[in-house]
Structures are given as C-alpha cells and as structure tokens.
Amino acid sequence: MAIPPYTLGLLVAVAGLIIGFMAIVRERDDLHRILLTDLAEVLALVLIALVATDLAEALILPGLVVGISELMAVSEVYIAKEGLRKPPAKPAFRIEIMDSAPGILALILVAYGIVLSGFTGGVVAAVGAVFYFMCRDHAERFELIETVSGYAWAIWIGAFFIFMFLPGYWLFGVMMAGGAILLKVMAKMSLVGTMRGGSNV
Amino acid sequence: MFNLPTENIGGQELFVLEFGDIVNYFSPYTAALFAFALIFTALAIVSRPERQVDIAFGGDAYYAKEVDVDLLRFQRFMAIACGLATLGAMVSGDVFNFTLFASLVGITNIGIVAAYKNKHVLNAAFQYGIVAMLATVPLFGGAAIILASTGTLSMWELFADGVVVPIIAKAFLVIGVMGEGMAPFYVAKAEITRAQGAPFILMVHVSSLLLFLRVIEIVISM
Amino acid sequence: MTPELILGCIILIIGVIAAGFPRPRTYLSRLICLEIPGLGLLLIMLAYDEMLALVTFIGVTAISTFVLVRVIERRGPE
Amino acid sequence: MQGVSGVNEILAILFAAIAIIGAVSAHIQHDRFNKIIAVGIIFGGIIPFIVDRGYLDIAILVSLIIPITTIIILQVCRKEKRDDA
Amino acid sequence: MIPYLLFATFIGLLFHGIHRKVIARIQGRPGPPIWQEILHTLKFSFKETWIPKTASQTLFVAVVFVAIGIWSGALYVLLSGGSLLLLFGVYLLHKIVEHGMGLSSGSPYGKFGAIRSVISAASELPLFVTVIAIYLFTRSLSIADIVAYQEMYGPLLIVAFPAAVAMYLIILSKMHYGPFSIIEAKEIVSGNMTEHFGVWRAGLEVGYALKTYVLLYAFVLLFIGQLPLALMLLVMLLVLISLSFVCAITPMLSPYDTVTVQSLVTGALVIYIVILVVVMG
Amino acid sequence: MKANQSIISRISAAVSRVENLTALYALFFVVVAVLGLVTLPSITYYDDQLYPKTIIPESSLNPYDRGGVPFETTPVKAQYPENSPYVGYVTTYLTPLSQWLADHTHHFGTTIVAHPGGIIDEILYNTRGLDTVVETSILFVAFGIASYLFRRDD
C-alpha cells in the first residue's frame, strides 16, 4: 500500500507541529521561546510547501517575510523588556575570513539580488548587506534608509493600482513592483545589520 | 456576476470589490462589522488619550500623568494601521488574504502596546507577541490545508454546498485568530489594558473582537 | 514519492526533535539545531521544485539567524 | 517526477545517508563546534540533490549563503569561549 | 421604530427595577420601588453634566452614543429577522463599550472596571458555541428562518437544551448584581461607569435598558419562538425573575474564577457540539 | 497554593499568570492538533489545483516554463481570469537580460524567472496583488516597531 505523498507530508508536518508545540509548553525561558517560534514558522511553511503549485510558492514568499519581520519586532521587544540596552562587547578576536570575504561576498550577493528583484532578490541582497555591516561594524543613517523604504512601499502600492485599474500598462507595473519590493525588503532587512552595534548616527 | 452562496448566514451580498483573484464582499454582516471598525478607527484618529490619575496611597494626594507626544504619535500610527487591517479583514473574500490581515492586526497590536516603558506592560506585550507569532502557524497552516484539499482559497467557492473543508483546517483558523486577537486568552490583555492611551488600547480590543466575529462567519459558512 | 521528499521528512522530524529538545539546553545549541529542520524544509521544497521559495527561505534563515544572534549576544550565554 | 535510476540510486542513498548521519550527530554532539560541523555535513549531503536536478544557480547561491549563516553563528561561539575562559 | 425604541427602553428600565426588587425580596430587604430605575434615568437627564479634565474627551462621549446605537441596531435586526450573527456581533461589541467607558475617564476605578471587563472576555465563548449549535439544527442563521423552524419542529429549548443553557449564562453574565458582574462590583465604586454622570449616565442607562430588552427578547425568540407581544413580555419577565433568583442567591465570583467557570462551560458545550456533529453527520 | 482551594481557583491561579500564556496557547494547539491527527489520513489532495506546476526538464526556464512568447499571453489557470484581463502577459515576459540567459544557458531557470516577469510575479503582483500589499505593510509595521524601540533608548 502506497501512502500518497501529500498525506505523508501532512502527517509529518502535523507530528512536527505537535512535537514543537510540546517543547513550547515545557519551555519557561523567554529567549528559548523566541527560538522555538522560529521552529514553528518552519513547520507552517512545510504545510504550504506541500501544496506544490505555483500558487503555493507565491504564498510562501509572504509567509517568510511575515515570519522574519515579526521575529524582528518581538526580539526588539524582548531586548527592551529585559533592559539589554548595552551593546555587546566586541569579539575577542576575529577570524581572517571576516576581513577579506565581506566585500566580495556582499558584492556578489547584492548584485545577484538586484538581478533577481522582487522578494527573492530583496532577501538575497539583504543577506549580502547584513553580512557586510556585520563584519565592518557600520553605523548607517537610519532615517535615510527608512525613508527610502517608505518611498519604495509607496511605489509598490502605485504598481498595485496599475495592475488593478490600468491593466494595459502591466509591463510598467511589473518593473515598478519588482524594483520597489526589492528596494523595500532589502532596505528593511539590511537595517538589521546596522542595528547590532546599538549606535545610531 | 457572483452570488454569495450563504445568504442565510451573513445575508445577501451588497457590494463586491474585485482585486484579481481576491474578491472582497460586503454582506449586511460584514458591512456592519466594517462600519463599526470604521467608527473606532475614526475615534482613534480624532481623540486624544486620557491622562491617567494615580492615587498616592496613605494620603489625599493624586496626580495625573502627562501625555508623551512622541509616544502618542507612534501609538496613533499603530492604531490607525490596526484599524485599516481590521477593515481589510472584515471584508476579505479570500482565506489567505484574511489570514494575512489577521497577522497584520496581531503585529500592530504588539506595536500599540510595546511602546510603553512600563516593565509589566512590556512583559505582557512580549508574551502576547510570542503568541501572535505562534498563531501565524495555524493560520497559514489552515489556509494551506484548505488550498490543498479543495483547490481554492476564494470564499466564494468554499462557501458553496459541494465543497468539503477539512475540520482540522477550520479549527486551525479559529485557533489562529484567537491567538492573533487574544480573544479568550485574556491574561495578557488585562495587563495591556493598564497602559495609558485609551483610544489606542481600545483598538486592540476592537480588532480582536471583530476578527473573532468574522472568523466565526467564515468557519460556519464553509 | 521522490527520494528528496522522504529524506526531507526524515530530516525535518530529526530537526524538530533536535531543536525542540536540544542537548545541552543552551541558546546556542538550540540556535544551531534550528538549522536542521530548515534543511529538511529545503529538501521538501526541492522535491516540489519550488526553487524561488527555496532561495528566499535560505536568505531569510540567514537574516533570522542574525536577528537571533543579536539577541543572544546581548543576553549573554546561559 | 524525476526518478533515480541505476548507479545514481546508490549515490542517492549514499548522500541521503550522509545527510541523515549529519542530522543525527548534530543532535547528539554536545560541543557547539561539533554541532556546527555536523550541520555542514547535512548540507554536504543535500547539495548533490540540488545539482542532480540541474539547478546550478541555486546550488551556487546556497553554497554562498550557508557559510554566511555559519559565520554569523560563529560570532556567538567565539564570545562564549572567551566568557568561559 | 422610534416609538418602539421608547417602549423597549421603558420596559427595559422597568425590568431593571423588577430585578432589583426581586433580589431585595429574596434577601429579605424591602428594596426600591420597581420604577426606581426609570426615575433614576429621568433624574440624571436633568442634572449638571461635564467631562472630567483627565478624560479622553471624544472617546468619553462617543461610547455613550455607541452604546445606544449598537443596541438600537440589535433591536432592529431582531425585529426584522436579520442575521443572528449580527445580533451576537453587537453583544461582543458591547464589550468595547465597557472597555471604552472605563478607560476613557482616566479614573483608577474606571480603569479597574475596564480591566475586569477585559478579563471577563471569556464570556464570549459560550456564545460562539450557541451560534454553532443553533446552526446545526436550523441550517440557517437568519432569525426569521430560526423562528420558522421552531414553528415547524417545536421550540429549540427542548431539542437544543445545552445551547439554551449557554445563552442563559450569557445573559446572566450581563445582569447587574449577578455572580459574573465583576465589572461593577462595589469594591471598585461603580466600576467603569464611575465617571459617567449626568446626561451621559442617563444615556448609558437607556443603552443598558435596550440591552436587557434585546437579550431577553432574543432568548425567547430563539428558544421558544414567536409569541404575541403581551405573552412575549410575560415570558421575558419570567426569564428575568429566574435570573434574579440566581443573582440573589449566588455570591459574586472572584474575577479570574468567572473566566474559569465560563471556559469550563464552554468546554462542556464544545464536547456537546462534537457529539452533535457526529450524530447529525 | 493552599490545599483547601477549589479546583476552579487553582485553574484560575495558573491561568492568570501572564508567563503561562504561551504555554497555555501551545497546549491548546497541541490538544487540537492531536485530535485532528486522526482526521488527517482522510484529507485527500485535490488534483485540479489552480496555477499547477508543469516541469519541462529540457527547457532553459525549468522549472518555471509555462509556455508562451514574450508580449503575448499564455493560458494561466487563475481563479477569476475575468477579473484580470491581462493575465498571462507577465508570465511570458522576459527582459533582454533574461532572454539572453535563456538562449545561452540551461541551468539558470530560477534566475531567469526571478528577474521581472514570470509566473510568480504574475501571481504576486497581478492576480493576488492584495496579498502582497498586506504583506509589505506587515514588513513596514514590524520594522517600524523595531526601529522605534531601538531608537528610544536614549
């Protein structure tokens, strides 16, 4: 007897959810809870991935970005709640790769991310940017990046209205949307990289 | 063009708003909820927060807390965002879209509350934040199971008679909304309510109750 | 039923157990174990050829790891 | 769906075994560096599956990002070591 | 509609008075006259009115209108045979009025009242179960359909007795002086109503009277069926007196205990629903 | 906790602590999931899905080759095609860069489709654009919270 792949996947995912949530039930430490929440997000994505259509993929992308942004907000609340205001001391020593690699790796990722555009490109480029900021301890102009991403958001809303009300200009809409979402996701996420040091120029 | 298959639950559709595959609808029920959300969003925009009076025990002294302008602005922004998200969730005609709006409500609720510096309030906000994040799991999971087992996410199709929606997916949706809006999980909300800023705090409750009402309609109709 | 799917499911379950009940129970070991279910999900996505989702997921994992590392750093080891 | 046939089958089983061994040992190992290495082993078992399907761009990208994730994690490991000392 | 609203307000206030009287008699006190609440409302209407300086002024005033507005709407839905969900929606939204009232004043007593009102949010749950149980029987949530169903198959009170109990509990948790009325317990003065006086208080009394009328009317309509107006009022009065008995002889629960009790009842009802689903397919 | 407390007070005492909230929610979820586990085998995969995937390994756009010529339309199985009159145009669109990649390589299908145009963009921007609006708003709000808290510390 052959189990259909979907049923197998569903059983595995729900079993995983039960195990994961049992761990949350038993957990008493708040930071551990944040970590376990990340685990739960992965299991939710499994459930979506099992649908196995293009639509499923289009649903995973928002799901991912929702997960990371909520994680960001909650971890910041945690820091505020515990009063962990002091930025961490610098690492005692640095590995060599952290001096040589960031520039080239970040460049590759950002360039490739721009080629990809959209959500995927934004995330890939953001990984590059985060890595760069992490290694170089950069303090960026916070307001500037936020303003940029705010405008990007507005551009995307414009693109959405093009699709809804002027569908004939779809090409324009695709370009605007791809570019704006790339910019928005990348800007927002690379802010994470600059927030580490705790300084704000 | 469309006919809402469930007239006997929320009433006939009055008005349809199309966004591609996502077709929002106003029935008497959703329109009433929409109007209510609109009223309270407007209240959050126009009203200033109260000044809480604290009594110094052991004497007649009391003092009123002042309103922090920066905090006020941030909270008002969050409350308005929360109101808009609630408006969206009330009329959404697509299950996944509804879950996204629900998560937006959850995150804005965290924002409204997390702005305070009070340690107890922050602690409650944090616990609430964790639950809101956990709640996205059943929400998205429920929507995904519905999609896989019925092949559609549109409520217009799902409400029709022939479509059987798995019971676990319905249960997941309800649990998810409970988590996002904290409907029965009152403990964190009670702590939250102690914070200042009545019009904004009220938005937390309005959004959660309305979400709950909406999800009941969805679950019964499916 | 592709080998990727089966392998993905196995690794997912191992990963959930590892991340849910890590040994030793420190922030760091749980953080590392969180990678395992992620790789299981990666395999499941691969089995259904959801490559764009896969790329995005890998990127998001890196960033969320960074977010968590930032918190753990400030919290100090336990 | 692409099946696995002939010699490939043995290879597939081999790589799957590598990945599973990595996953199990990542759970069992106590030392944090060993854990990181074990996660690297899983990744080594997985990448052939991606290549086998012909997604070279993905394989390259994943091989770039996973090490970055590891480096990010190493940041805390380093710290803890100093704190222990 | 306007005359009917006035009538409903009048009856509602009268019911409040009767409620107080019955409780007093059971507890061996003479109690106030039964038209006391009507006099109260009239008295408040002509008293001096202002808004506390610390209050969030817009909200402070708006909740009063919201309270009257939603219950008038509920009455309309009930009489026109609209959706049952809408009626219950109004019931949940009443909670918002309670929060808003307490929070907007800035007074600590009002705030305590509001916090307690938040705590008792679990009273929403029996409601949810009631709706589903009714739906399982009638396959419709339109009040007109439910009334029609009862004309054909007899009152729901008999077939769906647990659902009726749940609804009874809901009404009970909104009655004054009941075991669940932690919101206006005397140790926090008047709870969330403390700072509302003068015309605002009169407005609230009107809203509450409408609420009592609508809830009792809905209970009779949903579980017994459509009756002539005079008979309807009589049955409503009987339900009210039974509620007064419960209120008079039970002590007020501590805030968190009310939640536990309501949640446990809900749990029992969920099991009932599951059995119903299994039996009815 | 005193021994003479009733069971109800005990439950209330446990439930009223905010620290137990997460555990309570998780427990609630576990109970539902365990009960739901028995119904899982009866859930069958619905074969006639929207936006189905077709794998053409020979194509240079694999796994996202949905047919069609640039600036022409291609059949897309949307929920309500009548609401999106230009559905299918984005799916077939290739920028000059991605056209070049498609002509010269065989293993860069994902890159080509992630570049503007392609079926995922079609869904994300055109047919289900409202989802993306909400989702970018979530990003906006969440990072608003994080940066407000981050900047407030002085």
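Per-chain numbering from 1; labels A, B, C, D, E and F assigned in written order.
The rule we apply is simple: a contact is a pair of C-beta atoms (placed from the backbone, for glycine too) under 8 Å apart; a residue touches a chain by one contact, two chains touch by 3 or more.
None of these values were measured; they are calculated from a predicted model.
Could you tell me which pair, C-D or D-F, is linked by more C-beta pairs in contact?
When the contacts at D-F and C-D are counted, C-D has more.
Tell me, please, which chain's centre (mean of its C-alpha atoms) is farthest from the centre of subunit C?
Greatest centre separation from subunit C goes to chain E.
Taking mean CA positions as centres, which chain lies farthest from subunit D?
The most remote chain is E.
What is the identifier of the chain with the smallest separation between its Cα mean and the overall Cα mean?
B
If you average the Cα atoms of subunit B and of subunit C to get two centres, how far apart are those centres in Å?
So the centre of subunit B lies 30 Å away from the centre of subunit C.
Please work out the Cα centroid separation of subunit E and subunit F, and write it as a whole number of Å.
42
In whole angstrom, how far does the Cα centroid of subunit C sit from the Cα centroid of subunit F?
Taking the average C-alpha coordinate of subunit C and of subunit F, the gap between them is 18 Å.
Would you kindly tell me how far, in whole Å, the mean C-alpha position of subunit E lies from that of subunit B?
Going by mean C-alpha positions, subunit B sits 23 Å from subunit E.
Pull out every residue in subunit A that's touching 2 or more other chains.
6, 10, 13, 15, 17, 21-22, 24, 33-34, 43, 45, 50-52, 55-57, 59, 61-62, 65-67, 69-73, 75, 77-80, 88, 112, 116, 119-120, 124, 127, 131, 134, 163-164, 195
Residues touching two or more other chains, restricted to subunit C: which are they?
Residue numbers touching two or more other chains: 2, 17, 27, 31, 40, 48-49, 51-52, 55, 59, 62, 66, 72-73.
Return the residues of subunit F touching two or more other chains; collapse runs of consecutive numbers into ranges.
Within subunit F, residues 15-16, 19, 22, 26, 29, 33, 36, 40, 43-45, 49-50, 53, 55, 63-64, 84, 109-111, 114, 120, 126, 128-131, 134-135, 137-138, 141-142, 145, 149 contact more than one other chain.
If we use the touch criterion from the header, which chain pairs count as touching?
Here the touching chain pairs work out to A-B, A-C, A-D, A-F, B-E, B-F, C-D, C-F, D-F, E-F.
What residues of subunit A sit close enough to touch subunit B in their complex?
By the definition above, subunit A touches subunit B via 6, 10, 13, 17, 21, 24, 30, 33-34, 37, 40-41, 43-45, 47-48, 50-51, 55-56, 59, 62-63, 66-67, 69-71, 73-74, 77-78, 80-81, 163-164.
Taking the complex as given, what residues does subunit F use to touch subunit D?
55, 57, 62-63, 106-111
Going by the contact rule set out above, which residues of subunit E touch subunit F in the complex?
254, 256-257, 259-261, 264
Can you name the residues of subunit C that touch subunit A in the complex?
Answer in residue numbers: 1-2, 5, 9, 12-13, 16-17, 19-21, 25, 27, 30-31, 34, 37-38, 40-41, 44-45, 48, 50, 52-53, 55-57, 59-60, 62-64, 66-68, 70-75, 78.
Using the touch definition from the top, list the residues of subunit F that touch subunit C in their complex.
Subunit F reaches subunit C through residues 53, 55, 63-64, 109-110, 113-114, 120.
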